[in-house]
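Below you will find the structure I want to go over with you.
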Amino acid sequence: MAAPKPRVGLVGVGAMGAPMAACLIKAGYQVSVFDSNAQRAAAFAQEHGLRPAESLVGLAGQSDAVITILPNSAIVEEVLFGQGGMAPALRRGAVVIEMTSGVPSKTVAFSERLARQGVALFDAPVSGGVPRARTGELTIMAGGEQRDIDAAMPILSALGKVIHTGRIGTGHAMKALNNLVSSAGFLIGIEALLIGSRFGIDPATMVDVLNVSTGMNNSTQKKFKQYVLSRKFDSGFAMALMVKDLTIALGIAHENDVNAPFAELCRNLWAGAGAILGPQADHTAVALLSEQLAGTQIGNTAAPS
Amino acid sequence: MAAPKPRVGLVGVGAMGAPMAACLIKAGYQVSVFDSNAQRAAAFAQEHGLRPAESLVGLAGQSDAVITILPNSAIVEEVLFGQGGMAPALRRGAVVIEMTSGVPSKTVAFSERLARQGVALFDAPVSGGVPRARTGELTIMAGGEQRDIDAAMPILSALGKVIHTGRIGTGHAMKALNNLVSSAGFLIGIEALLIGSRFGIDPATMVDVLNVSTGMNNSTQKKFKQYVLSRKFDSGFAMALMVKDLTIALGIAHENDVNAPFAELCRNLWAGAGAILGPQADHTAVALLSEQLAGTQIGNTAAPS
Amino acid sequence: MAAPKPRVGLVGVGAMGAPMAACLIKAGYQVSVFDSNAQRAAAFAQEHGLRPAESLVGLAGQSDAVITILPNSAIVEEVLFGQGGMAPALRRGAVVIEMTSGVPSKTVAFSERLARQGVALFDAPVSGGVPRARTGELTIMAGGEQRDIDAAMPILSALGKVIHTGRIGTGHAMKALNNLVSSAGFLIGIEALLIGSRFGIDPATMVDVLNVSTGMNNSTQKKFKQYVLSRKFDSGFAMALMVKDLTIALGIAHENDVNAPFAELCRNLWAGAGAILGPQADHTAVALLSEQLAGTQIGNTAAPS
Amino acid sequence: MAAPKPRVGLVGVGAMGAPMAACLIKAGYQVSVFDSNAQRAAAFAQEHGLRPAESLVGLAGQSDAVITILPNSAIVEEVLFGQGGMAPALRRGAVVIEMTSGVPSKTVAFSERLARQGVALFDAPVSGGVPRARTGELTIMAGGEQRDIDAAMPILSALGKVIHTGRIGTGHAMKALNNLVSSAGFLIGIEALLIGSRFGIDPATMVDVLNVSTGMNNSTQKKFKQYVLSRKFDSGFAMALMVKDLTIALGIAHENDVNAPFAELCRNLWAGAGAILGPQADHTAVALLSEQLAGTQIGNTAAPS
């Protein structure tokens, strides 16, 4: 007779957390959920015929594994160690799978703190967005002890494909660094389009050439025509989330005394865009700041009067 | 009876020019070549059983189409308009196909000057490197009048695939802008690897994750493991050529008053690497400057003492 | 009997040119003036009881020395070599004193062109603004042949104090480089005030401390309290003029292959401010862009909501 | 009859601490000293006829006021709260005057921790270097409660002139921000000298012009001729100390979400110089990195070969 499936508690049934919880239910897990937004938790519970956890403590006490998928590490800290937080209720032998896009040094501290009470925590942030959260095809960057990740593999496999990045915190670090590289590819592409536009090259032609040349990157392929040349700016990934990730990436650099001038200016320009355009702006709207600073618009060949 | 093939003169039988001339011969063109390095021209002529042109003037006088594929625009200017240059000898109705990675504003000026004597010139820089020059599979970014490019299409087709980028100079501009985007993707990736290394993530793992995530670009795919992690730094494309292209790209920005802070720092860092490592260094060795400025090495997890 | 004073023609009786011409009249010179704004020239002539020159050619033909004090080098070029320009009318042995804040490489070219007809030209841009133009106490940075500057010294002495900076063009270069250093001192001071404000230090206290410490510069002393903390932004020196000078300074760097990353970002941020705030904005309003990018205001201690 | 003078303990009798302790003795205070370098403490004690404190605890127990003047905040933390640290021995009503160039957020934390046991701490970093430490003419930037600073004023007055910068930590913040502004003035001046040199202007002439124009700052006046043009690079203030101060300044920016792109690149370039030239290099040697990146030297007019 097979061992019973572990009971999973998931905290944060938001844009990502809700479809992830649904995947786990579909895979046969007994899932309970909690959210500070009680209505959202209730709606999810009702839809899937389960009872929402009354409290974080309640959820923690009855779970073998707890998934956190929350806005940021500060909230994870509160949920674990704040007033009414889960830590005291977590059982020896339980595991916390921290899937938030979080701050590595904080994650390391959380892990050390829980280890003292016999609870494992590792980081497992995801990439792929809501569509792949729905289909259980996320990419999961897992940082932590091999044995903890192995033990959680059945749960993780219901959500996506796992890459083990190394020790605790490396998943969070890798996620931030990936977005650093991505955001720089976006920014330099926009500036290239602005320079070329003023010289008189059609922006769509430029994107076509880049895509078959060494200038190719994820933004030239999947974002420029779709969200920028179309002037739609509606990729669905918010400015504030990108700025958060860049801040995490450079925070790692600062804490470890790694001097990275190009990455730093990248962060400064994105953070400037966030400050000017607002955190709710789509991240692709960073192109609007580049246009303002350039004194021209993509597709505009005329010199400024 | 078919019209006779136009006679093609090619100036600059270097790393790129020689295999390109060979492709034209193979396609049935009557080719004559010239090079300031007389031995190189003689060797090529002997190998292909033809007589090298005695002089630029000689070559110009007997060609329907002249290809220039030279180190830079200053040399093109000399070859066209300098003492003993081709311009006076070019025949009304002839075409100059400028395949150097050149400076757009100079190319525009060359074109205007030759137009006065009934000679067309358009820019057609290439990408693909020596391997694709050999197989006739280059990408050719052609900027100029549609009718001139159409007329030259049989010749160009023997060398690769043509994308018409727009008016005169746009081919040169696009080539430089492509390398701007490429060089920035390289630089940010290196800084990300440095930050992640110090945090303790294996560099090869990082490259793997980037390659399946939004951080993907041409350098993460084709350069990092091959030339940087291997410490070989032998891609074959020289630092000086990359710095030249970035200088061209930002020169367009300066001439057109387009303010591009991120691109500018990109150029500054590459130019700094060129100044420190020397023009003959491989362009991938720019990673060595990033390492020095960062105070660490890729793959090195230890903090500086 | 003393030799008669040379006859001086001055082109550009604007904010600077008018009080300078007045100084020369007071010093006993026979002055004629020209301006594309005919009314302005007429008003000046009437006020000082002289006849305005009918044309540039007229002014050139009757002058031993011609002063140009115009918006920029492009206009100087037009006034000298354009249609109806002065060059053909200038007499062998005459001197052109180019007092515009101009582009060194253009000045060198002007000088070479005029030399062929036996006319000397040297650059002599000024610093000190309208107040010192009135009192004849400008600082004049003179670049050119010693003998030309010596010969013009009586004229220059009526306008201010002369520093000989070296060969032709060096006066213009020095003027631009001085403003580069000045503009960077302004910008870094503003960012320091923003950082300190958020931490809770009173801006006026910060300026006081900087002024008695190593952080002291011309902007901390003469601009921050006066134009920024007061929110007046009315120093009288326009954004466009500062951006022009930075563009000249970095243009020298580009033409001479001097890689200057910090100076380049300085120019980019000022040019960005110019693009966003408009050329007519006061240059001290660059602080507004810094505030926007920082996401806070000088004197504002609250974190962004 | 006058109240007896408070007994002062001073921790860190180094280059700054020793002359400061001497000033206090001269002013009539009963001083005891401690240093991790026992020999240095013994030598100072012998020279001034006093007994060195046996331990931190011993010093703390017998002092009304304790001055810390140590390499950095990490060491201050150890000295206060580490094993064998002073905190448990400090008497209710005592004051700690933290004169290290420290990290404001750490200083705030130290202050809060000591407040719980009835001990006050405020920050009072100094500027003026060893010469003014000797003569008791330092500038002291004091951050903390007015009453604490007032109470310590007799002690502080023996060391220099006090400016009250605001709440706890603001002294440390102000000190770092001052050095940020100073270091940027140095860096931009060096780049200007490099650009002007290549154009052919004599560096000493450039410094002279800057010093009488708006480009004037503390470095143009007191450092360029003295330490850079002389190629002596021996100002006595180390690279590592400057980089530490810039790291503190930008650390405040990061903690408070103030985006400061120009300051950030300033820090990156200085930190890069520190990484390449070593922490012991004189801070004025940052000019050597600028020269390397520029591909030229100050005073060198020739273009690179």
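Order of writing sets the chain letters: A, B, C and D. Residues in each chain are counted from 1.
Definition applied: a contact is a pair of C-beta atoms (placed from the backbone, for glycine too) under 8 Å apart; a residue touches a chain by one contact, two chains touch by 3 or more.
Since the structure is predicted, the reported quantities are computational estimates derived from the model, not experimental observations.
Equivalent interface to A-C within the set B-D, A-D or A-B: B-D (over half of contact pairs identical by residue number). Across the two candidate interfaces, B-C and C-D, the one carrying more C-beta contacts is C-D.
Centroids of chain C and chain D (each the mean of its C-alpha atoms) stand 39 Å apart.
Residue positions 259-261, 265, 268-269, 271-272, 275, 293-295, 304 of chain A are each in touch with at least two other chains.
On chain D, the positions that touch chain A within their shared complex are 247, 251, 254, 259-261, 264-265, 268-269, 271-272, 275.
Interface residues of chain A, counted against chain C in their complex, comprise 261, 265, 268, 271-272, 274-276, 292-295, 304. Residues 104, 127, 139, 141, 163, 165-167, 169-170, 173-174, 177-182, 184-185, 187-189, 191-192, 194-196, 198-202, 205-206, 208-210, 212-218, 220, 249, 252-253, 256-263, 265-266, 269, 290, 293-296, 303-304 of chain A are the ones touching chain B in the complex.
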